[in-house]
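Order as written gives the chain letters A, B, C and D; numbering starts at 1 within each chain.
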Amino acid sequence: MNYNGNKAENVKIAYIGGGSRGWAWGLMSDLAKAEDMSGKVYLYDIDFEAAKHNEIIGNRIKDIPECKSAWEYRAVRTIGEALDGADFVVISILPGTFDEMESDVHTPEKYGIYQSVGDTSGPGGIIRALRTIPMMEEIALAVKEHCPDAWVINYTNPMTVCVKALYTAFPKIKAFGCCHEVFGTQKVLLTALKDICGISDAKRDDIKVNVVGVNHFTWFTKAQYRDIDLFEVYKKFADKYSDSGYEEQIDDNWMNNSFVSAERVKLDLFNRFGYIAAAGDRHLAEFCPGHWYLKSPEQVKEWKFGLTTVAYRKDDLVKRLQKSARLVSGEEQFKIEETGEEGVNQMRALLGLCDLVTNVNIPNTGQITNLPIGAVVETNAVFRSDTLLPVMSGEVPKEIYSLVSRILGEQETIVDAGVNRDLNKAFMAFTMDPLVNLSVCDAKKLFDEMVLNTKDYLNEYFN
Amino acid sequence: MNYNGNKAENVKIAYIGGGSRGWAWGLMSDLAKAEDMSGKVYLYDIDFEAAKHNEIIGNRIKDIPECKSAWEYRAVRTIGEALDGADFVVISILPGTFDEMESDVHTPEKYGIYQSVGDTSGPGGIIRALRTIPMMEEIALAVKEHCPDAWVINYTNPMTVCVKALYTAFPKIKAFGCCHEVFGTQKVLLTALKDICGISDAKRDDIKVNVVGVNHFTWFTKAQYRDIDLFEVYKKFADKYSDSGYEEQIDDNWMNNSFVSAERVKLDLFNRFGYIAAAGDRHLAEFCPGHWYLKSPEQVKEWKFGLTTVAYRKDDLVKRLQKSARLVSGEEQFKIEETGEEGVNQMRALLGLCDLVTNVNIPNTGQITNLPIGAVVETNAVFRSDTLLPVMSGEVPKEIYSLVSRILGEQETIVDAGVNRDLNKAFMAFTMDPLVNLSVCDAKKLFDEMVLNTKDYLNEYFN
Amino acid sequence: MNYNGNKAENVKIAYIGGGSRGWAWGLMSDLAKAEDMSGKVYLYDIDFEAAKHNEIIGNRIKDIPECKSAWEYRAVRTIGEALDGADFVVISILPGTFDEMESDVHTPEKYGIYQSVGDTSGPGGIIRALRTIPMMEEIALAVKEHCPDAWVINYTNPMTVCVKALYTAFPKIKAFGCCHEVFGTQKVLLTALKDICGISDAKRDDIKVNVVGVNHFTWFTKAQYRDIDLFEVYKKFADKYSDSGYEEQIDDNWMNNSFVSAERVKLDLFNRFGYIAAAGDRHLAEFCPGHWYLKSPEQVKEWKFGLTTVAYRKDDLVKRLQKSARLVSGEEQFKIEETGEEGVNQMRALLGLCDLVTNVNIPNTGQITNLPIGAVVETNAVFRSDTLLPVMSGEVPKEIYSLVSRILGEQETIVDAGVNRDLNKAFMAFTMDPLVNLSVCDAKKLFDEMVLNTKDYLNEYFN
Amino acid sequence: MNYNGNKAENVKIAYIGGGSRGWAWGLMSDLAKAEDMSGKVYLYDIDFEAAKHNEIIGNRIKDIPECKSAWEYRAVRTIGEALDGADFVVISILPGTFDEMESDVHTPEKYGIYQSVGDTSGPGGIIRALRTIPMMEEIALAVKEHCPDAWVINYTNPMTVCVKALYTAFPKIKAFGCCHEVFGTQKVLLTALKDICGISDAKRDDIKVNVVGVNHFTWFTKAQYRDIDLFEVYKKFADKYSDSGYEEQIDDNWMNNSFVSAERVKLDLFNRFGYIAAAGDRHLAEFCPGHWYLKSPEQVKEWKFGLTTVAYRKDDLVKRLQKSARLVSGEEQFKIEETGEEGVNQMRALLGLCDLVTNVNIPNTGQITNLPIGAVVETNAVFRSDTLLPVMSGEVPKEIYSLVSRILGEQETIVDAGVNRDLNKAFMAFTMDPLVNLSVCDAKKLFDEMVLNTKDYLNEYFN
């Protein structure tokens, strides 16, 4: 990598999971718009063909008129080729296939447990974590070997677990986890600002928030637009919409648009606890006691959010595969779009091209004063030249401490279980989960069944 | 108070709740055996007659041959008389009557919620806390006025809530909460030591334990008898008895003997989490997710502990009233017994007559490293001349952090609710409770009903 | 205050010490260039005439062609008028006159103690602190009464002491201390970058630093320009110049230009301790053991920095008074200049017009992990809409912990002394100072003499 | 090791430095009186003959009528023989000979630096630390290999440095440092209690103190005898004696009796700072700025303590060698005496034979809230069955924070220097020392000379 005036050139990005037909295309869009950066993206994927397709798609982008920055894409067959000399490493993998995810999400339904996402917490998130942790360890050790000074950006879920696993395997790794759920909630506040105050020209990053919590279950303890306290605004918004829900679509991010809700969960949590939960309702519901929002499909419907089925995901994948084929063949042209993601801006800041303050998942060194040191938490952080430092974000308020600390403990335990390949410890986390309202004996049956269903990815736990 | 050689004389103890027919008699026994202390006990109770009866009972004790220390008992009509010039204040009150407790314990059963004690946590403990907090405030302020330097020993439940309320009302109060559940668990370890190793001459206080947690949900993270690691011993005990339960009675403390269990909850928690929960099974069950041990009376039976009904308590009260009458009339003679309590030893240590290391409930100043500063926690502490300092007890282990922190947050929230006379905040705590596996709407119905049932003691919440 | 598009209008700034002929003019310059802010500046000074003159000077600025933002200046006779409804409060006062400062700086010379500045630490700084603390208390209480939500920017020295005194008098004050010494050291790094690497187009705020310490004795533990580790660069710079000193002038800030040094102190500290001390050599020398750099005027000369005499300051004041007269009369025109200060940018950020990460003096809430909580420290912080939060800055490195913690303790003690009007406690701080290499008895004589010399400003200490 | 009723039998103690003619004999005395312990002491010393002599001396003790506990002594030629299977390890070594100590103590006098002890802090303590650290590392690694679960008691100075070096080399070591200076100060309080209050029957361990600081520079922040606040008593004692000094001998411990003082340093520190410094005046003086008490031999005389010359120590050694010869030959009989040390009681407590609360040097895990985590500090701790846990001791008071933290930083730096065999880093610590009031250049000359003088023991620093 080198600088040429105000531009960083020859930046090398290693993309682990480079066959992705979602996040990878988003990154391609964002890189194409980054005028002050250029370089190469090495795509590594266990499905080499998928990476190869993305290489073809990516290398066509520079010919699109809107492209402001030329990047070269290259699929490689080994992780070492991708990582050697990398400045940045992006991790966006699917741990297992949608068949495993089918078990994660739907097997618990036999026991009356409904999950709206099933990839972070809940029985599904726990089993997914077991599959993911050994993969993260492998990646961390490869980073240690090939590019120990590279910055590593993780997008994979379960986020908290992944980031902790990276740091456990390679404590000096410069890794952080990146998630757009907070952005989505900032957009909710934009909506409220317009609906209540009639202000419509504010932008997402004008909404300044203080963030505390764990990923997908972060909370705003302050939200401000200029001199306006957005808690006052959101209170009025809640009074207006908490019963009916806010039915208009808030987020038109093309990555998110199939997962709308009417915000009723978020509004209910605000009414009851006084703080703004900063993730989509589908995520939030899974971190709360099961009887609150996820007792039954009927209750879900009442709260006006959706259960994302794996059938939907499989169907969506088919569409994305078709799109990929069209992009590869040239039948369809790649479209450079606004993703709203901050990964590329984070890279720019780490390269010294700007300062950036945004939310991030990293180990707690004191930024949240009443959660354990070392646990991975989500707060704001400052990104600057080769530096990432969390902002002192205060404490998790008393009112929501039980909810948040419970999840944090569960996730710390599941990492321990994964790192030690210890199914007994995994079962500890399983029984502590807010959705697992089962007797210990039934919980064990469910756990065993889910482990069995996904055993192809859990070999190491049986040695 | 003054010293005469190695004796402390003219010690003044104020007993708030001095009409008690349980703890008060226990204290009388222990004081009668304390050869190096003497003085006066002022009995204050809203039921003056009850205090008066105890005055009569207490003043007869010096005539019993086994009595080694003469104490004068005196019932007083105002709390000020009791507190003026007191060296120690003992708080052991019943917040409300057994009628309120009947609502606390049994109303939730309509919603399928069973409580084995109902005085600490669970819906019952929460409502009881609301009644208790204003009383504790009143006592703390009276201490501030009348005897700000006195040491205050609380026995009232919910313990954590009471101690926090005392400190909130008068931050410089020298108060601590005292509970015998840890002692009971030390006796369990004596039993295991005998059963597994054949060692039968060890005494309770030879069992050295490291204690972390919140009252009634404390955990041993280390237990040692001389050079024997009692975790190894308890593991063998668990292998032997966790299925069947240990049916012989471990504890013959006359205060506890109606509440036996077969230890199956404790053994199950140990098997699953690797640490020894240090309270009776009836208490432990209430802090765990409701489906584990308290889903139904049948499940309780399987786990071989009991649901303490309020009918039992009322019946027991009748017997104690009868006993009181016999003691007052002289028909029955007071018996100086071994209570196993440490209150009097704590007083002796604070007077400089000995050093004592034992468990205690006080605000966290760092003794538990991963729980919030300021929250009331239970750990060991050192008692010496006018000094009480906690022992650095380390962290709550990852495996049980979720369980413990959840309760801690709930109890911090209920104190906040009580201090601010805020029923909305109380409902926050209510919905977070592990036993309240209800939809928000049902939880609200139950909460409102329980508040209504006990509204005579909740006037201040309705202004 | 209100917003008009991207501009904040009708901003009210209260300037305490508004007769200043240095900082006030700097602020006027910076405000004149702030295109997105406008409003009024209320000038309050115990010397009303001085404030009045600045009113005249300030109100002429809008007629200068380079002026991009019109501000109205108004001298007021009471602090209340200045503060009522203020959005920002700027504090820049001289505690006492140059006669008191003459005693502060030069009386210790009789005892062989030489001070290069004498306004922060050393015997002079300590006595100055005693004068200043009651003034800061008064200001804090006035803020509490008139504008409790205003942001308060302090420029007065001793900085650490002033900020702590503000927070002690009004714990909820939104105050921070602002100092340009770190900026000066960033410029030193620009110089090194040019001298060693030939890079000359970098700007001060491209130099990203991690800052830890107490004001005027802060240290960089990391310094980065893009992908260049500036510690490596500064090491080479030190090898080249530590013996001779770097004689070319680094800083042409018109506020600083009479105080040049050859950087030998900073280079020596770097060579010996491995970290970059982030203040001018004149300041740094005063915080180190007296025999290192300030043993005698000859030693000062060797280290190639200067002792700023109060005679110089008095002379300089005469020049500034003359300049003021010319500006008031119109004989001289006010010149809008680059001050390099960040006060106005901090205001813009707090108004939500930009994000800003810069160094600041505020109480430690954990941003420095091995210094006491509550002590005022200097680190980076994030400024955003109505929000100021420190960045987690890690620990003071072992190698310099003794030097820094010693000063911190001294300054905490002097605040305690000031707040309690306790000269005995002030003497504690006095004897702990690194420059006071005297027997206790001699130290007492010097202390008493310095107190006597400045007793007009220390009345409250004699009641 | 095994238990027989209430006795611990076959306890194995490894004594490193087992040829000692001071501490070793003290331990022999204390073991001879320990009725509930018996076993073997393995004496290891680089001077095998000295160890052999102690073997002979020790094995005769069981024939003395006052001996209540038979111990077998055995000199061994390798450290491994001593450590294998040891329950306890005692470290009491002299790092180097009195020739090195002669340089440590007296070379600085050429530069006007006087040291009263020269073994802990000051230029002498620092050079001694450099010799000692590699020895401690070697011992720690031998413990790791031979008896990782043994409890290790260090008596060697510099205490703080030694303990930290042990933990650095083997982080899981169960080591603590043991020092009697606190006991000496408790005896001072006994004296004051008698002198001021006429109470003469109190015993040293009736004086309950809260201890904070670093070894030889610890402070009492509370001292209590029963209901008497000893700070009040000591205040009167100070009023009475601070000018004249208290000339009667306080301590008749045979180990200490050549080192009397008139307590003027301690009284002066109390008068000025309000806390009781808990070590002998000779030690305290060395931790304070050099001009306070150690500016010149005349000043030392005024403050009525002594400079312990190495000539005295050498002379004393000759006497002890003679005594040793007499004891070995049988010409003189070993006398079982009261040492006042607590090492044997600590062993008894760790064996589960009693509880003990006493002061100890171990790494800070939070017991002192405003000193860095990990630094070795001195506070009270609880000794129980195989358990050593510090007591939460609060913060170092503001008034003395500068003094204490400065020393702590110096000692942390010297350990770093030693561990890394880095003389440059050692020089950092050297220049930070309160006694080294020299220009950097002179300090370097002195440092180099002292290193050269003792280079036989500093080989590893020159590779």
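Everything that follows uses one rule, which is that a contact is a pair of C-beta atoms (placed from the backbone, for glycine too) under 8 Å apart; a residue touches a chain by one contact, two chains touch by 3 or more.
All figures in this text were calculated on a predicted structure; none of them were measured in a lab.
**Q** Check every other chain and keep only those touching both subunit B and subunit D; list them.
**A** Chains touching both subunit B and subunit D: none.
**Q** Going by average Cα coordinates, which chain is farthest removed from subunit D?
**A** Here the answer is chain A, farthest from subunit D.
**Q** Roughly how far is subunit B from subunit C, going centre to centre by Cα mean, in whole Å?
**A** 55
**Q** Starting from the mean Cα coordinates of subunit A and subunit C, work out the distance between those two points in Å.
**A** Roughly 43 Å separates the two chain centres.
**Q** Of all residues in subunit B, which are in touch with two or more distinct other chains?
**A** Touching at least two other chains: none.
**Q** Chain adjacency by touch: line, ring, star, complete or other shape?
**A** Contact map by chain: ring.
**Q** All pairs of touching chains?
**A** A-B, A-C, B-D, C-D
**Q** Subunit B touches which residues of subunit A in the complex?
**A** 268, 272-273, 289-292, 295, 299, 370, 372-373, 395, 398-403, 405-410, 412-413, 416, 424-425, 427-428, 431-432, 436-440
**Q** Quick check on the complex: what are the subunit A residues that touch subunit C?
**A** Spelled out, the residues of subunit A in touch with subunit C are 1, 3, 8, 206, 208, 210, 222, 224-227, 351-352, 355, 357, 365-367, 369, 380, 382, 384-387, 389-394.
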